[in-house]
Amino acid sequence: MSAPTITEDRARSEERARSFLGRLRSGDEVAYLITFLAAASILFVTGWIVFELFRNSALSRHEFGWSFLTTQVWDPVAGRFGALPFIYGTLITSALALLQAIPLGVGAAIFLSELAPARVSDALTFLIELLAAVPSVIYGLLGVFVLIPFLKTVEPAIRRVLGFLPFFQGPFYGVSVLAAGFVLAIMIIPFIISISREVLLAVPGDQREAAMALGATKWEATWDIVVPFARKGIIGSIFLALARSLGETMAVTMVIGNDPKIHASLFAPGYSIASVIANEFTEATGDLYVNALIELGLVLFALTFLINGMARLLILSTTRKGSSQ
Amino acid sequence: MKKLTCLLFAATMLTGMVSAQVLINGAGATFPYPVYSKWFNQYHQKFPNVQINYQSQGSGAGIRQVTEGTVDFGATDGPMNEDQLKQFQDKRGSAILHFPTVMGADVIAYNLPGISRELNFTPEAIAGIFLGKITKWNDPELSKANPGAKLPGSDIIVVHRSDGSGTTYVFVDYLSKVSKEWESKVGRGTSVNWPVGLGGKGNEGVAGQIQQTPNSIGYIELIYAIQNKMAHGNVRNAAGKFVQPNTASVTAAAAGALKDMPEDFRVSITNAAGKDSYPISSFTWLLIPAKIQDQSKKKALVDFLHWMLDNDAQAMAEALDYARLPKAVVAKEIKAISKIQ
Amino acid sequence: MTARLVYRKATNAVMLTLTGVSALLAVSVLFFILGYLLWHGGTSLNWDFFTKLPVPVGETGGGMANAIVGSAKLLLLATLIGVPIGFLGGVYVAEFGGSTFSFVVRYTTDLLNGVPSIVIGIFAYTVIIVRQHHFSTFAGGIALGVMMIPIAVRSTEEFLRAVPDSLREAAVALGASKSRAILTVVIPAAIHGIVTGIMLDLARVAGETAPLIFTAFGNQFWSPGWNQPTSSLPVMIYTYAISPYEDWHRQAWSAGFVLLTLVLAVNVFCRLVLARKGPTGR
């Protein structure tokens, strides 16, 4: 065949244009573009936040360098700042919270999705979701007026049973890492329950039926078949809960005791990154002080980054291929 | 659905259609918030076209916001230092003036089951307790000032502020004056590195902690001690007398410090002279820029300052358990108002 | 019955009971909180509370009308910003995204979720307030909106993923373009879960105090338009709760109760709308 004629060329480009317009009209390109922009804007905003954190902590970063992460002293008057006690406080309170919230939350979600009758389940979930709306301050106040007196009454019992562990030794004044862990657990449970329940409900019925048909008990069907199917969603909800507990400010600061020291005991007071920023930012005078607080924000960001990474690696290494989507 | 959103939007915009209002925003100290909210409310009733909106975010926040120009005036429990004054000058192009409004005091509150009387505290005792040197309630420093009180041998549990605050500033300023060791070891600031103790958030956090912890001791604003009916002690002043903290002894402290009061009112009156002075007292100040562009705002602020220094306003403060300014200070301030351009 | 069977049955009974106990615990905490709020704040709940402006301490008859309106405005703006970005972002990650980009977005979303509310407040302050030299409702709405994004993204993504591929394939087989399939088939199938997530999102953001302190500031008076500082329920609760006055404490509890009720009302409203519209879901 000879070289393409002009008319053939034009026909081909017209066809190409038509198919592009066709895709555009049917919305694919537009949809792609809009949703892509939305996703990109999330990256943009987060990046901007990190940038601002970085920029406004410059003084402190230059002054202390990496030793900021290993120093235990927090002395605004002398101008010496270190993040270690706060890193410890943040990690231990979040760990405590997750230790309580995950079993209770997933357990409650299983109950609500598998066992409870639909109407009851809907109503109860509805109410549990309300817990997420309770302002942080109120959790703090309830922590001070209700939880801490309660802990004070059960503390002797705990000490008797578990007192041989270093975690349950030393004086107890109410405000403590333990109290903060409890309050956080209550605050993050609605997320785990609500989202896990929805994901469990979304598991196709035939999975359950197949398990039953093979003679599994209800629990076995649930735990061995349904839950793994919903694994990703449940884990997603746990990540949300973790994020919230790392960043929770007001409630923690009212019950943790605000003592920038590291103690082994859970009965001892502690201090988290979000709490110290909340406590001291509005009153902080002097650029180095403000910069140090903002650097703490940056440290928390890095912590979240690392914890998320480690958690993801852990999940990746334990995921059986073909257990869920 | 569309109609609903349109209506909603219109409603929010309509709330904006008000007549020639003067809207003034201020931020700062939490300690005087109750009396400021009373004053600004009363002032608005008297002059309905003036709205002074004050939010208590902390003295440091007040200084920062007024320096950034996001609010029209600030309020602080601790005077601005030279660096901060210079920063204001650089950023806003004028000086900033301090106007004392009312006075308050830090009291030593404690929870000693079985002891109902007011204890006497010497400066050495207070410094020793908060430094962690004096650890038991029956320490000689405490018992010799309180003959006749059966002080227990239990440990003293110290409670301090966890958040930065003017209340702390006044307290550590006092301690720095009466204890060389405190001054070198801990120093002054709105937040310090406390040698011992638990941290409570805000005055109410400390008050609550003390109320719930037997054998504890801490420092809180006088108002909180009165409102929560907490036991608090007398402190020995510079003249050697044990003085009870109340509005009269706090006002006396300002009168006692009058001799050395600078023109700009930036003064600490802790450990003031005068036999009736309560030693842990302080002013709280409004921070007003010396040059205000908006004429209507300037007039409103100047008028308010005059109103605030008047007897009625000061009496309102006293009714709320704040100490009023002594007459000499009021006279001095009225003269200083003319500095606002 | 073999021993193994007995064991399995026993495990079944025990574990299922435990899940019931967990649910019971969670629900009883909620009822306790609601009850406590009502008990302590109930006496302050009167008509004045919803219609009057706050009064200074010691005076009676005040209310939080401006805080209620302020919170409504802030949440409206936050939803208008956070939900579209979050939802559309979630759609992208679930439907269009390549695995690397999706991973990055998901990871970043989790990071954003972990930023303390006070840091978001400080961020909005440095970026908006300092430049404009005044506080505003607008900035507060943006700060809250940014906080809403992560949960909206994750919910949308999780529940879109939960929709089986067979639905997508069926739609395409019937001639629908990809975007049409997503819009008319996949999203409706996931909408129940997505709305749950967004309601949770809204609830969480409704109670946030720290970001508002630095952006919307607070206001004892009515706040006109979007460019002035405004009062809000969480900030009022915080201010009143830390005061020394019994009366203000009661008002703080009342405000907490009102806040919860408002969130509940929005929740109910959305579910009703959904129930009438959507045939799919559950």
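As written, the chain order gives the labels A, B and C, with residue 1 at the start of each chain.
Here is the rule we go by: a contact is a pair of C-beta atoms (placed from the backbone, for glycine too) under 8 Å apart; a residue touches a chain by one contact, two chains touch by 3 or more.
Owing to the predicted nature of the structure, the values given are computational and were not obtained by experimental measurement.
Colleague: How short can a chain-to-chain path be from subunit A to subunit C, counted in steps between touching chains?
Modeller: Between subunit A and subunit C, the shortest chain-hopping route counts 1.
Colleague: What chain is the most remote from subunit A, judged by the mean position of CA atoms in each chain?
Modeller: Here the answer is chain B, farthest from subunit A.
Colleague: Please work out the Cα centroid separation of subunit A and subunit C, and write it as a whole number of Å.
Modeller: Their C-alpha centroids are separated by 15 Å.
Colleague: With chain centres defined as C-alpha means, what is the inter-centre distance between subunit B and subunit C in Å?
Modeller: 37
Colleague: Could you tell me the distance, in whole angstrom, between the mean C-alpha positions of subunit A and subunit B?
Modeller: 38
Colleague: Out of subunit C, which residues touch more than one other chain, so two or more?
Modeller: Only 213, 241 qualify.
Colleague: Quick one: which residues in subunit B touch 2 or more of the other chains?
Modeller: Within subunit B, the residues that touch at least two other chains are 57, 201, 205.
Colleague: Spell out, as numbers or ranges, the residues of subunit A touching 2 or more other chains.
Modeller: Each of 278, 282 in subunit A touches at least two other chains.
Colleague: In the complex, go through subunit A and note every residue touching subunit C.
Modeller: 23, 26-28, 30-32, 34-39, 41-43, 45-46, 48-49, 52-53, 56, 103-105, 107-108, 110-112, 114-116, 118, 124, 126-138, 141-142, 146, 186, 189-191, 193-195, 198-199, 201-202, 204, 217-220, 223, 230, 232-233, 236-237, 239-240, 242-244, 246-250, 273-274, 277-278, 281-282, 294, 297, 300-301, 304-305, 308-309, 312, 325
Colleague: Which part of subunit C faces subunit B closely enough to touch in the complex?
Modeller: Answer in residue numbers: 54-58, 69, 73, 76, 129-130, 133-135, 213, 217-226, 228-229, 239, 241-246.
Colleague: For subunit C, which residues are in contact with subunit A within the complex?
Modeller: Residues of subunit C touching subunit A: 8-9, 11-12, 15-16, 18-23, 25-27, 29-31, 33-34, 36-37, 84-89, 91-93, 95-97, 101, 104-105, 107-120, 122-123, 126-127, 146, 149-151, 153-155, 157-159, 161-164, 177-180, 182-183, 192-193, 196-197, 199-200, 202-204, 206-210, 213, 233-234, 237-238, 241, 252-253, 256, 259-260, 263-264, 267, 271, 282.
Colleague: Quick one: in the complex, what on subunit A touches subunit B?
Modeller: Checking each residue of subunit A against subunit B gives 73-78, 144, 148-149, 173-175, 253-254, 257-259, 269, 271, 278-280, 282-286.
Colleague: Which residues of subunit B touch subunit C in their complex?
Modeller: 8, 12-13, 15-18, 23, 25, 27, 30, 33-34, 37-38, 40-42, 44, 51, 53-57, 68-71, 201-205, 207, 221, 223-224, 227-228, 319-320
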